[in-house]
C-alpha cells in the first residue's frame, strides 16, 4: 500500500500489521539497552535537529529502534529497504502507524520497486545517508552529483559497502566523509561474527530442518562472518571445510582445526555450502557439476551474487519449491541441487536477521556516527573515517553494564607502568 | 663456562651438551619449513653481509634456526638470553660448538649476569637489534646514546616490547626505525594465540600434572595470548574465567562463552590463575588473601612482574619446593598458594616454549624484517613500522605450501568485481 | 474436522492441508534412508499383516514415514498425538488423504480431546502399541484390563515412558512384553543427544530470536537430552550451568567444563532455563522468586510438568503473549518471567521436533521392534526387553552406508586376539 | 637393587630416590581426597586384616596412595609393575623405604624381569589380586591352578583386562569372582575419557613438542579412551579423524563432528596417529607404506601391540633416537616414520600417566572392590561382578564434596512422581 499525505509518505505492504509489528519491536528492545540509553540522551539533546536523513537498512525490529532513536534526535528521516527479501512488513507498518516514520519497503519487492525506493530516498535530498551495502551512495555518486552539496556525510556498516567505498576512494569519486561503522570493534566482532554465525544457522535450519551434526559444511570465506559461521557450525556438530583466497586467513582456519581446500575440491564433499565472501560467483558452474546429489547451497554475504544461480538455472531441467525458501534445481545430469532463500542473505530470508543483542551495538555505532558527522560538519576532509576509539569503548562499557558484568580497573601503579619504558626485567 | 678466544666468545653452561642440543635443533627444523627456505635464499644472497647484529631472544631450538639463518645471511651476530629461565643450555652449546655463533646465556642466570650479558651485547656495537621485550633497546637508549649512530634499526616481537617502544615514541626518545614484528598477522595470530595457548598449558601440566578438566581457570587478560590460553583451557575441559580492563575485549570474552569478572571476585573462585596482561601486579596482596587453599598461580606474560611475589612472600611463613618449578607459599592464615615457575613465563620455565611450527612464522618475520631494515637503510624516518603486507602474505603462502594446503584464487571476474563500486543489488 | 466412514475415521484439523503436508513429508524422507530400506522390505514381506496397531507419537513428517512403513508391512494401524502441541496439521492431513491412514490429532487440542483420542485408540483393540510417554499403555492397564489379552506387546521410546514402565513392573502390573526402544544405542545416543540438542535451541531461537552467545543458560538434568542441550548451547557461545540430582552425572558435567550447582543458586544467575529431567516441578515457586527480571524458562522434557506454571500463575498479576509461543508473566514483585511454549516440549511447540536424520534411526528401531514382537508372539515373558544388539548394529551400519562412510573391519588375526586371554604383555 | 630381608623384599632401581618419590607422592595426594577418606576409614576398621594381596599396577604416585590405603586396611600386600615402561623409580623407592611396602618394579625392565616379578607376586599366594590388563590372573590360571583355592577374588580396571576375563569366562576357566572396576561409572567416564585424553596429549607433546593445532590427528578407536583423545585433540585445534570397526561408535564419531574412514585411507592423511582400540596391529605394514614422510605414530591402548612395530622394523634401513621417547624409522622407500614411546602407553612412557584427580576415583573403586570381595567371601559365585551402584554414587558424592560442588536433591513430591506410573499428560 502506497500513500502520500501531508504527514507521511510511505510504501509498505499493509498498515494493519502495525499491532503485531509493535509487539515484536518491543520484544527486540529488551536486548537493546545501549541504543535505548542513546535514544534517551538524543531525545533531550536533539543532536540531529533539522537534518534530512536517509537510512537504507534491513527493515527489522532492530532497525526500528535505530529509526526511532534518530527521530528522537530530531532528524527528518526516511527508511528504505537495503534488501528485497529482508523487510519485515509488520515492522514497516508499525514505524509508519505508531511512529510516523516514512518507510518504503515491502518484503519480496521486485528490483524495479527496490530501485524506485532508492530514488525516493534520494529525492529526500539527504544530509546524512546511513547505507548498507552502499547502493544509495553509489546511485547518488553516479546519477545525482548535483545533490552532493547537500551531503554532510555517510555511514556504512557492511564489509561489502566498505569495499565499494574503497573502490570509490581509489577512483577519486568519494568527495565526502564516510564513517566506516563496520570497522568499529563493537560492530564487526559481534555483529559479523556472533550475529551472522547464529542467524545463518538459524536461517538454514528454518529453511530445511536438517540435522547439522555430522554434515560436511563448506564455508566460503574466513572473514569475520565466515569465522562466525564456521565456529557455530562446528558448535552444532558439523564437520566444517573452509575455502579462502587469502593465505593468512587460510592458515588461521587451519590452526582453528578446519580443513582448508579450494572450492573445486570442496564442492564434491560438501553437504551444505555457505558463501560469506563479499565477492561474486564463488560457487559457479564447474562446482555445481561435481556436487553430491541433494547438496544444499546458501549465501550469507551481502549481495545475492555469491552463488551463480544463472548458470545453475541453465543446466537445470526443472526448478521447484520443495519447502518454504527452499528450491530444488533438477540438473540435466539427474542430480539435484537445493538452493536456500534464492541465494539472498539466508538469515534475513528464512529467519529474522541478526539477534537484537548484537544489532544494539552496531546501531549504537550508527547513531553516534551520525551525531559525529553533524558535530564535525565542515571539518572533515573527504575520505573514510573510523569510529573514534572512545566511542567504541563507551558502547562496550554500556553493554557490559547492562549485562551486569564488571571489569577490572588499572591501579595507578599499573597506569604508570603502561606509560613507562625504562623499567624492565 | 666462559671463554674468550679469537673466534668465539661465549658464556654458556656446558659446551659438552652440544650433541644433545644439535639433535633437538634438528628436530625443531622439521616444523620450520618457511625459515628454512629463507635461510637457503639468505645463504645465496647474503643480505646482511657485514652487519653487526644482536639478538636478544629465548635461547631455544627455534631461535637456533633464526640465528643460523642470520649467520647464513652474512651477519656478524651474537645471541643473548631475553629471560633468565628460558635458556636451553644444550641449544646454547650447539650454537657455539657446531655453528660458531657467540651465545651468552645460562639457564637460571642471576639478574647481575643477565644485565652483564646485555652490556656484552651492546659492546658488540650493533647495527641491528632483534629484541624481545625491549630490554636491550631500552638500555641502549638510557646508557649508550653515543652508540645510536651505529644503529640501523631494531625489530621487536612481543606485545610487551611494543608497549615500551610506544612509550619511548611518546617520550621522543625513539630516534631510529623499529619494526613491529608482533603486529604481523603471521606473528600474533599464531605465535601469541596458538603458540602461547598450547605451551602455557604444557608448562602447567609438566609443572603440576594436574587434571585441567573441571578446574576453574582464571585467565587475566584477553589479548591474543589470553585468547589462546582461554581457548585451549576450555579445550581441555576447564571452566574458564576471564578478567579484563578493556571493555571491548571483555565483551568479546563474554560472547565467546566465558565468565568475565574483576580479579577481586575471581580470586576466590579460581583453582589456577594464568596472567597474560603485559602489565604488573595483576595478582597482588588483596587477591592472595581471598584465594582458596592450594590455589595455583602462574604467568605467561613477558615479564615476571604480573604476579606480585614480593607481597606474597611477605605474608608467608614458609616457601618450599614441592615439585620441580612448583613452590608452595604457606601463608600466615594457614592456607597455601602454589607458585609455578617463580612467576616467569611458565611455557619456557617448565616446558619448551612455543612449538616450532609457530616460531617458524614469527622468526621468518624477524629475518625478513632485518633484511628490510638493511635494504632501506637511511630511507626510514625514526618511528615504528609494520611488516609490509606482502611479506606477511608471502610467509603465510609458504607455510600453507609446506603443509600441502591449497587456496582458491580469484577469477578475473572476481578481481574486477572487487575493484568496482558501480555494480550493486 | 472429524469423519467416520467405512474406510477412514479421523479427527484432524483440515484435510485441505494435505498438499503442503505431502511436500514436507517428502522433504523429510531425504534424510531417512534407513527407514526407507526397511519400508521396502516390509512391503515385500508384510510382517505385520493383520496386526491391529496403535501408534501414539508426535505427528510430524518423520512419524509419517513410520506410519507409512507400518502400513506397508500390512498393519491395520491408527495414529494419535502423543502431545497436544506437537501435531503438524498438514502432516495429519496428508496421512489421511494421501495414505488412508486414520489420524486423530489436532495441534492445540485440549486435554479432553487428547484423552478422547486415547480412548479411540484403545477402541481399536490394539495388538501392538507404539507409545511415547506411556499414556496409552497406562490407560490400558488402568481402565481396560479386559483388552490385555489382545496385546502382543508394546514399544516405548522416551526416557519418561521407560521410567513409567519400570514403575509398572515394580507394581506387578506389566503383564506383557515391552520393548525398550529408548535404550537402543542408535536411539538415545542420537535422538536424545543430537536431536534434542539441536531442536531445543532451534525452538528457543524461533520463539525468541535472542542471541545465545554470552547468555547464562541453565540446563536442568544431564542425561542424554541434557548433555545434548548443554553441548549445543556451549557450541552457540552460551555459558552453561547444569543442575543435577545424580552425583555421577554431576561430576561428568563438571569434567565437561560446565558449572554445576543447585537450582536454588542457578535460578538467580540464569538468563534462560531449559528443563530436561523427566521429573516434575524442577523449576518452582522458590526459584521464580529469585530469578532476574526477564528470565526465560522452557522445557524440553517429555511432559509439561517440569516447570511449575501453576505456582508461577499464582504469583503473577498479568500473563500476556509477547511473541508467538512466548508469554510474559508479570510478577507481583514487579519483575517478569518469560515462559516459552507454555512449558511444553519447546522443540515441538516452536520448532519442528527432532530432525529427520535422527528420527530415521529411532523409527527404524520402532519398526523393527514391532516386527520382533510379532515374530516372537507367545515366546516372550512379560517384562522389559532391549532391542537386540544386532538390530542396533545393523541400523547404524545402514545409516553409515547411506552417508557414504566406511568402517574398518577386523582382520582374522584381530578377531582371534579378541577372543583369547592367554597372550599378554 | 634387589633385597631380601625379614621385613621387606623388593626389586627396585634405587632406594635413595625415596625422598624425591615421597615429595611427589605427597603432591599427588592433594588431588585424591576420596581415597584419603577411604584410607582414614580403613585405618580404623582394618577390613583387609590378614589378607594376602597382590597389586599389579603402573607404579605411579597415585598407585602409591592405593598401596598405602590397602596397607592401612591391614592387607599383607606386594606391588609389581603392570608395564615395563611405566614405573616411576622414585615412587617405588619411597613405598619401600617410607612405607615398608614390598615393590618389584624397575622402569625399563626387560620382559624376563617383568615375568619374574609376576612369578614373585604369585609366590605370595594372594587371596586378592588387583590386576591391570589381566597378566597376573592369566598366569595364575594357566600355571598355578593349585593356588586357586587361596583366591577370594580379583579386581580389574582396564578395558583390555575385562576383554580377557570375558574370554576366560567363555572358556570356562574363570572359577572365581572378578570385580569389573572398569565398568564403574566413576572409573571409565573419568579415567578412560578425561584421564587418557589429557595424558595422551601430554605424552605426545613432551615427546615431540609439536604444535597440535592444524595437524591431522587420527584416533584409532572411539571407545571411552578414544573419545577422550579425540575430544582433547580437537580442543587443542587439531583436525581429528576417527577409525572404528563398530558402526554405532562410528556414527557417534560422525555426529560429534569428526571424519570417519578406514585406516587404509586415514593412513595417507594423518600427521599423527594414536591407537586406543585394545586390539592388535591396528596400524600395520600396508598403512606404513602410504603414510606421509615424517608421520608420527603412538599408542595409548593397554598393550604395545596396537602398532605392528615388527613389520615397520623389517621395512626400515635405520632406526634412530631423535629425541627422548622418539625414534625415527627410515624406510627403504626413503620416507621416515616416527614412533613415540616404543609403541607403549605414551602417557606413561613420556608423561606421568593419568592425573591424580581421576585416579582418585578409579582407585577408590579398587579399594572398595577389595573390601567388598572380602566382606562377601564365600558368597559370590564365580563370574564377573559390577561395582555396586551405591558404591559408585558414593564415590562421586565424596568427590563433589571435596570440590565444593553441591547437587540438587529430589523433593518428596518428585520422589513420589518417579515411582508412579499412573499420572500422565
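Lettered A, B, C and D in written order, each chain numbered from 1.
Operating definition for what follows: contacts are C-beta pairs under 8 Å (C-beta built on N, C-alpha and C of every residue); 3 or more make two chains touch, one makes a residue touch a chain.
The shown structure was predicted, so the numbers you read here are calculated from the model rather than taken from an experiment.
Undergrad: Compare the CA centroid of chain A with every other chain's and tell me the farthest one.
TA: Computed centres place D farthest from chain A.
Undergrad: Quick check: more C-beta contact pairs at B-C or at A-C?
TA: Result: the pair with more contacts is A-C.
Undergrad: Rounded to the nearest whole Å, what is the centre-to-centre distance of chain A and chain C, using the mean of the C-alpha atoms as each centre?
TA: About 37 Å, centre to centre.
Undergrad: With centres defined as the mean C-alpha position, give me the chain B-chain C separation in Å.
TA: About 53 Å, centre to centre.
Undergrad: Can you list every residue of chain D that touches 2 or more other chains, as numbers and ranges?
TA: Those would be 194, 213-214, 234, 237, 251, 254-255, 403.
Undergrad: Which residues of chain A touch chain B in their complex?
TA: 83-84, 111, 114, 133-135, 138-139, 142, 163-165, 167-168, 170-171, 173, 185-186, 189-190, 193-194, 243-248, 250-252, 254-255, 260-265, 279-282, 303-304, 392-393, 396-397, 399-400, 403, 405-411, 413-414, 417-422, 424-425
Undergrad: Can you check the complex and tell me which residues of chain A touch chain C?
TA: These residues of chain A touch chain C: 23-24, 26-28, 30-31, 194-195, 197-198, 202, 205-206, 208-214, 232, 234-237, 294, 322-323, 326, 351-352, 355-358, 403.
Undergrad: Given the complex with chain C, which residues does chain B contribute to the contact?
TA: 213-214, 234, 237-239, 251, 254-259
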